Structure formats: C-alpha cells, structure tokens
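Next up, some structures in structure tokens.
What follows is chain A paired twice: with chain B in the first complex and chain C in the second.
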Partner chain A sequence: MTALILMRNKIFWRTIFLSPPLIVFSIFVLIPLINSFYYSFTNWNGFNSEYDFVGLENYTRIASDNLFQNSIFNTVIWLISAILIPTILGLLLALLIDSQVRGSNFFKSIFYLPICLSAVVVGQIWIWIYQQEWGLLNIIINLFRENSFEYAWLSKPETSLYSVIIAWSWQQTALSMVIFLAGLTSIPKNLLEASQIEGANIFQRTFFIVIPLLIPATIIVVALSMINSLKGFDILYIMTQGGPFHSSDTLAMHMYNESFKKYRMGYGSTISVVLFFIAVTIIGIYFRQLKKLDELYD
Partner chain B sequence: MLKIRKFIKIFLINIFLLSSAQIIWAGGEVTISHYFSGELGKANFMKAVKEFESSSGIKMKDSPVGHEDFKTDILVRAAGKNLPDVFSYWAGGRVQFIVDSNSLLPIDDMWERDGLDMVVAKSVANSATMYNGKRYLVPLNYHYSGMFYNKSVLSKAGINTMPSTWDEFLSLCAKLKSKGITPIALGSKNRWPAQFWFDYLILRTVGPDYRHNLMTGKAAYDDYAVKHAMSIWKDLVDKGYFTNNSNADTWTDASDKVARGKAAMTLMGTWITGYWNGMDLKPGVDYDFFPFPIMSSGIPNAVVGPVDGLVVSANAKNPSGAKKFLSFMMSNPEVQAQWTDGQGALSANTKVDPTKYNTVMQRALRTVAKAEVYAFNYDLATPPPVAEVGLSMFSEFMDNPANYISILSNAQKNASREFKN
Partner chain C sequence: MIDSKKFNKSYFTQSIWLTFIFICLIFLASIFVAPTIGVILSSLKTKREIAFGLLWTFPTKLYLENYSIIITDPAVHQYFINTIFVTVPATLGSIFLGTLSGYVFANLPFRGSNFIFLVIVSGMFFPPQVILVPLFRLFNWMNLLDTLWPMIIVHIAMGIPICTLLLRNFFTTIPNELYESARIDGANEWQILFRVFLPICLPALAVLGTLQFTWIWNDFLWPLIFTQSDDKRTIMLGLVSMKGQYSVAWGTQGALSVIASLPTLIVFLFFQRFFIKGMTMGAVKG
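Here is the complex of A and B:
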C-alpha cells in the first residue's frame, strides 16, 4: 500500500530522477565551490594539512596585487574579443554558406573542423603557425617583404594575448557558425521570397529580415562565447602559460599561478571566488536582458 | 542450465582469486612519480626500476610527468592528499617547503642502515639531504652548469683556447660576432634557463654570501650589486651576443642551435650532454665545456647546479618498499653509473668509478671538486613564491634589457611581499 502511494507521488519520482545529476553536480561543482569559499579565508599552501584563518586578508591583498589588476585587464580584453570575433565571423560564414555558393557543403565541413579538435591540439597548431623561424604566419608575411621577418608572436608581451585570442576565436567561430546555420534554417523561405518580389536587395534582406530573425541564435552564441571565454584556461596554458612575464595572464591563469606555482592555495581560492562573482554578475545581467527581450517578443 | 551454473561458479572463483592476488600484489607495490622524461634519461631510469622490481619483487607503479608540468602536478596531488609513495624532487628550497608542510617522511633510519655517510659525497649530503635536522632526500644525481660549446664552430673561428677570465670571454664573443657567428644561445621560453646567467653573474661579482642573502630576503634586488650584475648582462645582449628572441626558444631549441652551429655556446646544466649524446654528438669531439669565467679576484669560486633527489611521502602506503627503492637507487654504484650516464649527470655516490663518465663529464666532475662552493641554482635556492618573481624578471629582462633598473625595482617590490607572506 505504502509502495503504491509512493509510486503515485510526483515528488518521489522527481527526487528519484533528479538525484543522479544533483549528486554529480554536488560532487564536482557545489562542494568544490564551497571549499574554495572556505579556503579563501585561510593561508593554506596546498601541501600542509595545517593552516590559519586569516579573515579578509586575502581579499584586501587583491587590492594591492598588481598582477591581479593586470589579469583583470587581460580578462576584460579576452572577454570582449572572445564574444565579438566568433559572433561576427560565425555569422558571416553562416550567411555565406547559407547563400548556397559553390562548394558550400565542402566549406561547411572545413570550417566546422576546428570544433572537433581539443584545445590542446588547437593550441599546438597555432604555436606552429606563430613559430618565429618557420611558422606559416611569418612565411606569408615574408612573401611581401625584402628583409627577413622573424617575429616571435607568442613571446612578445605586445602580441601574446591577442595571438591566443585569435587561436581561440578560430575554434569558437566554428561553433558560432553551426548555431547560426541552424538559426537560418528556421527563417521562413516564403518571407524572403516575398521581400525579394517586393524589390528588397540582398543587403536589405540580410539586415532587415535575416539578422533580426537570428536574434535567438545570437543570444545562444553570445552566451556560449561568454561562458567559454570566462572558463578559458587550457588554450592559454598550452600556448603561453600566461607569459611572457604575465602579459597574457587572465584571472584563471593568475589563480593557477598563485595556487600551484607560488603555493598560495588560500590566495588562489580568493581569486577563484572573485572570478566566480564576476562570472555570475555578467551572466546574471545577460540573462536579465534576455528575459526583457523575450517579453518584447511575446 | 547446468552449464550456465558451472560457468557462473568458475567466473566467481576467478573473480575471488583475482581480487586476492590484487590484494597480495598491492602489498608489494610502490607508487612513484618523476619528471625524468625522454630527454632527461627516462629510458635508463626505467631500466633501473625494472632491475629493482626483479631483484626485490616489489612492483613499481610508475606515473611519469613532463619536467615543467611536474612542478604543479605534484602540488595538485598533494592538495588532493594523493601523493605517490616516492617522487623525484629538486633539493633545496622546494624540498624545504614540503618538509615544512610535513609532507615528507624522514629517512634517517635507512640512511644509517645503508651507511650512506660513507657513500654520498659530503658536499652534496650536507647541502641537499638535511632539512630541519633530519634526512629527507637521497641525491639521485647532481648537475653542474657550465658553458657548453660546439667544438667545430669555435675551431673554425680560430678559437682553440677557452677563456678563463671575463676579458678573455668578451674577446671570444667579439671574435665570434665579427665572423658572423652568434656567440650565445639562450632558450628562456620556460624562464629557468636564464637563471644560470643571473646566478653566475652574482656569484662571480659579489660572491656566494651576498647571493645567499639575496636568496633569503636579507639583500634586495634593487641593490647596487644586483644592478651592476644585470648591467653586465645587458651589455652582452646589447652587443648582439645572444640569439634573437630568447623567450621564444626552449632549452632544447637553444641546444639545437648550438649543435647545428647556428650559435657557438650555451650556459646550461650537464643534462645537455645526455641530450646531445642522444643526438649522436660525441663528447669531447663534437662538444665540450668551459667553466663560467672568473670576473673578480678574491671571490670564492662557486659552481651552480641542481640536485635531483628521491623523497618518500609522509603518507606513503608502502614506506618500507619506498625506502628499499631509494636505497637501491642510491647505494648501488652500477645502477648509479647507468642512471647518471643516461641523464648526463654526475653521481653523488662516491663509489661510482669516475672513468665510467665520458671525457666531458670527467672534467665536469673535476671542476665541481675544485670549486669552493656548490650553490643551488636560483629557483632552488630561494623560496618557490619568490622564485616565481625572479624567473619572470629574467624573461622580462631578456625582452627589454634597457629597462633593467625598473624591472629590478619591481622585482624587489614583489619579492619583499612574497618573503613577508
């Protein structure tokens, strides 16, 4: 009888079905997150089982840490570029491929390829492209120059961060392109045909019909680019490790350096807490705007 | 039906036997992690591991990590309370750090039982194995950093006598440069290769005592002494004696440049001999070395290098097996000779027959023996958080040497903060 009541109880079934993802989420996200908060108030070095509570000392230290300020600046550049470049390029490629130019299916596969590669492989490919003596980029530049050009793109503080951003965008553009292509299939063809009959040219059709109808896809692209860029660490680690001399340090890389290279796990946790709040704030603002947009569409 | 029952019965018995075997096997298993990757003598290390396994019956469960990644990997494992029973580590500041964190097991009992006082060279034993009054590390090998050069490049440039003073060194560089040869290769992409320049310039101009003060925070990076040493380094860069874009090359890239004759020499540790021997270069024929030149009289002759050691984790699951492995690797002269040959290192075991070294390594051994001080290189001589500051400073200097005064004052600001924390 009790079993029958339980079987009919919706809460029971919800609990049963939600338990596995909740357990996984707790183990891999929630508990580490709470741990980071906890350690951010300590001077734990990562090795020692003993540590002291230092109150807000780590948080006040952030204010005077010039490397933290440098990494915040780089993170902002990274975030803006990582949203703009893949979104704009992905949209352009999707529009080109969707216009059924010759060989569009072939190009679709080619442009999609980077998304199948891991960040490590992408990083290594671009390390070779940027290589100062025999890298593809310098070889191409040398075709147009008389004097030999041997610029070390990843080893110069002026270009290291931007070089990684380009490599990262190369992969993310593929993802954006696929989402935009999916968005393009949902645009009614008769709408475009009608506008064409009414005399709208290709630019008018693109700017006044296609792009506005692609807003839902754009929202997904921007959200994904934003989330991926905030957690972007692997490609930076492979390509520059935040160097040379911190010129490509982002918050995630700075957190890693403090925690694992300087053995300041407590301070590293503090940086991760700050990163968490930045991410939550940005994504919170974004989804609030999204809700407003939804209401507008409704 | 009977067949199915029989099958299930056999299946269950097998599972039981396998798990029992696993338990027995695990009792004789020692986990190990090390940074001896391909170019750093992995093959010879694994050969020694196999010999230990067959002679002791203890299974070594190995998880090697690349040299650079090891520095962080071991910390991740420590943070997760998942340190291997035995791991390789660099003697000096780094071992001191984990000893202070109570993460290592003292090995005084093993040291005494094996009579390692009679086996390990005194200079190495004193500087590398004792921390807070106890022994924690067996010095698997040690290295010496010197100026390694391509013999044919120098002889083609008409240079057959190697410099012993700074003036002679400068005229050698000038001569090479005038013949269109870049005198010095440096691969500071991973930062640490540049430290040997800083180490020697400080040691040769102001001596080991001042350097010790600098490494322990009792002297400052913006002192006149450091500025003077850096200005000498800057002069070398300004004269075009270093390869372009040093920060784009790794130490193997720089070694390759010397091996291929694109540069004449590189200031590097003796592990370069293992790397070059692996490329079929002949020691004493294709390459050789000379000690870093003397710059001022009256300053003790110091040599620089790291000591690679093996340590036992405080929470080792099999501490006795772990100590047996340490003992096997340290006490056995044959194993030591084979290992140091593969790594291009010198053995701290005094029983190793010096004639087993190649001619270059024999000279390196004599050079170290003659030196008054054996100093750990920069990132092992100062606490790890400060080492991070200094290593970044070196690569910043190589990018913009003209800015060395502000680079040093910035380094001092960061270093003093790290010393305080």
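Here is the complex of A and C:
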C-alpha cells in the first residue's frame, strides 16, 4: 500500500527523474566551473597534487602578459569577422534560395554540407587550399598572373589569422543560413503578394519588407556566431596551432597553450575565467534581446 | 482586374530574375563545394600527382591505393572502434538523461524548477575550455585519464543542456489530457514517460540522435586533452596524429579524412531534415 502511494507521489518521481541528470551535470560541468575560479588563484602545474595559493598573482600577471593581450586582440578580430562574414553570406544565400528558384533543395544540401564535417577535416581541407606550391588559392591566383605566385598563407603572420577565419566562416555560414531560412518561412506570404500587387520590385520587397522582418533571426545569428567563435579552438589548433609567432592565438588557444603545453594550469584557469566572463556578457545580452523581442511580438 | 500586359511583363522580369539568381547560386555553390570535392579528389591521387599541382584536376584513372592503405591499417581500426565506443553510449546517455529532466520540467514543475532549467540550458553556451583544467584534475584523481571514460562522461554531461531543452519543449506540446487520462488509468510517471510520451517523441529523439552523434563523432578537444596513448585515440585525433606518419602522403590523408567523415555524412544525408530542424530548434528556442 505504501509502495502504491509512493508510485503516485509527484515528489518521489521528481527526485528519481531529476537526480541522475542533475548529479552528472553538477559533477562534470557546474562544479568544474566553480573549481576553475578556485584554481585561478593557485599555481598548480598539472602534475603534482600539491599547489600553493598565490592570491591575485595570476590576475596581475594578465596585465603584463603580452601574449594575453595579443590573444585578446586576435579574439576581437576573430569575433568581428566570424560574425560579419557568416551573417552576411548566410543572409544572402538564404534570400537567394528562398526565391522559388529551381533546385533549391539541391542548393540547400550543398550549403549545409560543411556543418556535418569535423573541424579536423575542415582544417585539413583548407590547409590544402592555402598550400604554398599546389594549393587551390595560389593556382587560381596564378591563372591571372604572368610570373608564378607562391605564397604560404598559413605560415605568414600577416595572413594566418584571416586564413583560418575564412575556413571557419565557410563552415559557420551554413548554420546562419539555416536560421535565416527558418526566419524567412515565418514571413507571411500574403504580405509579399500584396506588395507585389502594389508594384514593389524585388529590391524594394527585399530591403523594405523581408530584411526588417528578419531582425529577430539576425539577432539570433549574431549571438550564436559570437558564442560559437568563442568556442572555436579545434580548427585553429589544426591549421596553425596559434602560430606563426602567436599571430593567430585566440583566448581559447592561449589558455590551452598555458595549461597543457607549459603546464601552468593555475594561470590557464585565470585565462579561462576571463573567457567565461566574456561568454557570460554575450549570453546576457542575447537573452535580454530575446526577451525584448518576445515582448515586442506578444 | 489584373492588367494582362502588365502581368506578362512582371512575369517576364521575374523569370529573368530567377535565371540570374540561379546562376548566382551555381557560382556560390561551386565555391562552397570545392573544398569538399578537393578532399575526395586528393584521396584518388598519387603523391606525385599532388606534388605537381594536379590535386584539383579530375582524375584520369581510378587510383584506390590510398584507401587500401587506410582500410588495412590496424591503427585506423582501433580509432574507429574507440570512436564508436565513445559516440554510441554518449549519444544514448545524454538523450536518456535529457528525457528524464525534460519530463520533469515540462510535466512535474515545482518551485524553482524554472531556475534550474535555466542553469542547465545555459550550459549550452559557455566555451568548454573554461572547465578543461578542473576536469583534467578530476579525471586524473579518478584515475581515468587515458581511457575512453572521460570522453563518454563529458559528452553525456555536456549534452544534457540541449537534450533537456529540446525534449522539454517537445513534451510541453503534448496535450495535457493525454497525461491526465494515463494517470486516471493508473499509470505512474515512469510508465507515462516511457509508454505514452516517448513513442510520440520519436521525431524529437531522431533530431537529438543525429545532432549528438555528429557532434560527438567529430569532437576533437576532449580526446586531445584526455588521451595520451595511440590505442585510446578517437578517429579525429587519429587523423591529426597520422599526419606525422603520412607526412607527405597527402592522398592517404585525404582517404582517411573521407573515411572518417563517412558516418556523419551518411547520417546527414539520411536525416538531413531532422538535423536542420534540430539546429534551428536549438538556436531559436534557446
């Protein structure tokens, strides 16, 4: 009888259901997150179980760490271009595909394809495109030149970061296109038909009706691109490892180098705390914008 | 009344526009598909051909040596086995745990459950690098470094946010009458979830299955941190470490890239609809 009552009890089932996911999530995500702050005040080296508290030393070190400032600078460039390129390109592709053109499903599949490729494979592909002697990019440039052009895009500090950004954007564009396409399907068709009857041409329709209605989708795309590019590490690791001469070091890359190459895990934690706060700021702005949009449409 | 002359004219300009758009798309699509084609082409070329700049040309004869090198390499077999041992349990595990928590947040809400839900979901957004060092220490302490366990566990834990979010959203669309009538019939929550709700949720489960499978299969960061010995590597890490072994054998690297991407490509081709739906749902409703 008591067992039967227990089975009907909501509190009992809540506990049974919620405990496993909460325990796993807490032990392997939440507590490590808090520990990250804790280690940022230590000088743990990754091997010894012993470590000392160094107070704010790691944080003052950030101020004098040229490589850190360099990586912040690169992260800003990375963020801005990784937002602009996929957003603009994704919007363009979504608008083109949505125009009742023939074979739109075929085009969609082609543009989606990079999403399902691993960063390792994408990096591999683009290393070959930038390759000095037989890379596709140099071959194409050579079609328009008399004397042969051999430029190692990834091993020159001037171009390494931007070359990786292009490769990254190639993959990320698909994601923003997906969201823009979803946004486009939510635009009422009769609105467009009405404007067509009123005599609006294709440009007027696109710029004065469609694009303004895509603002919610745009906010989502921009926020997601920012969050994703903060996470972006794999493709950098594959293509340049942050080099040459740290010219493509981002915050995530710098954190990895300090923690797992130089085994300064305490200092690495400090960098990851900075990374965390940047991410939190972005997420906060994103949620506030989403809330505003909700209010706007309700 | 629509002026037929005007209508014809607009029909004419429209078809010109569509042709123009079509040409634009063909152009952009060929730029977009070129990198992928390049890898496939490279896998069919000899070292010599690639060194002479012939990677990007259409192969004149079918050269499959690269594939046979990769397919007969026992290290590659090990990478594949490891990846499957990580991907399958991690995919199923994260979806299972997400089902449980998603059900509670949708059907058994309590005071503060919204807050807990928000905390879990925000786990989707922060960079995983933030917890790298603490996790490394944790698994070191648990003596699990250089096994497959850390990857399975971390992928399950990091998958909980998206699985919870999508399944909660899906569960809330199920009409409450179904839940009530099942309860009146004497079913307990466990039976309602697994006998009544989950069969309805198969599309959502397919969405999550394809997303999680692809992400975990393609992951590179966790195996990089948690494994040292070659026989514990997953395929993506193996791909990187084999670059040393086949340093100038670009064709062989290409063949390995193609083979390593095949499972996710197949999943993508067959479940593209689910995949895209998952990407939009995860993004828009976040």
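Here is the rule we go by: the second predicted complex is superposed on the first by the 264 of 298 C-alpha atoms of A that agree within 3 Å, B and C clash if a C-alpha of one lies under 4 Å from a C-alpha of the other, contacts with A are read in each partner's own complex, and residues count from 1 in each chain.
Just so it is clear, a residue touches a chain if its C-beta (ideal position, glycine included) is under 8 Å from a C-beta of that chain, and two chains touch if they have at least 3 such contacts.
Bear in mind the structure is a predicted one, so any value in this text is a computation, not a measurement.
Trainee: Just checking: does A:Ile72 make contact with chain B only, chain C only, both, or neither of them? Give me first, second, both or neither.
Mentor: neither
Trainee: Applying the touch criterion given at the start, work out whether A:Ile165 contacts chain B, chain C, both or neither, answering first, second, both or neither.
Mentor: So A:Ile165 meets neither chain B nor chain C here.
Trainee: When the two structures are overlaid on chain A, which partner does A:Ala94 contact: first (chain B), second (chain C), both, or neither?
Mentor: A:Ala94: touches no partner chain.
Trainee: Is A:Val210 contacted by the first partner chain B, the second partner chain C, both or neither?
Mentor: Once the two structures are laid over each other on A, A:Val210 reaches no partner at all.
Trainee: Output check: A:Asn48 vs chain B and chain C. Expected answer is one of first, second, both, neither. What do you get?
Mentor: first
Trainee: Tell me which partner A:Met239 touches in the superposition: chain B (first), chain C (second), both or neither.
Mentor: Neither: A:Met239 stays clear of chain B and chain C.
Trainee: Counting only touches as set out at the top, which of chain B and chain C does A:Ile83 meet: first, second, both, neither?
Mentor: Neither partner.
Trainee: In the superposed arrangement, does chain B or chain C reach more residues of chain A?
Mentor: C
Trainee: Once the shared chain is lined up, is A:Ile202 touching chain B (first), chain C (second), both, or neither of them?
Mentor: second
Trainee: Return first, second, both or neither, reflecting whether A:Pro157 touches chain B, chain C, both chains, or no partner chain.
Mentor: First partner only, chain B.
Trainee: Would you mind listing the overlap between the chain B footprint and the chain C footprint on chain A?
Mentor: 46, 256, 259-260, 265
Trainee: Please give the residue numbers of chain A that touch chain B in the complex, ascending.
Mentor: 43, 45-50, 66-67, 131-132, 150, 152, 154-157, 243-246, 256-257, 259-265
Trainee: State the interface residues of chain C toward chain A in the complex, per the touch definition above.
Mentor: 10, 17-18, 21-22, 24-25, 28-29, 32-36, 38-39, 42, 50-56, 97-98, 100-101, 103-104, 108, 110, 116, 119-120, 122-123, 125-138, 153-154, 156-158, 160-161, 164, 188-190, 193, 214, 217-221, 224-225, 236, 239-240, 250, 253-254, 257, 260-261, 264-265, 267-268, 272, 275-276, 279-280, 283-284
Trainee: In their shared complex, at which residues does chain A touch chain C?
Mentor: 7-8, 10, 13-14, 16-18, 20-22, 24-25, 27-33, 35-36, 39, 44, 46, 93, 96-97, 99-103, 107, 109-122, 124-126, 128-129, 133-134, 136, 139, 170, 175, 178-179, 182, 196, 202, 220, 224, 227, 230-231, 233-234, 237-238, 252, 255-256, 259-260, 265, 268-269, 272-273, 275-276, 279-280, 283
Trainee: Which chain B residues qualify as touching chain A in the complex?
Mentor: 71-72, 75-76, 78-79, 97-98, 100-103, 189, 191, 244-245, 247-248, 384-385, 388, 392-393, 395-396, 399, 414, 418, 421
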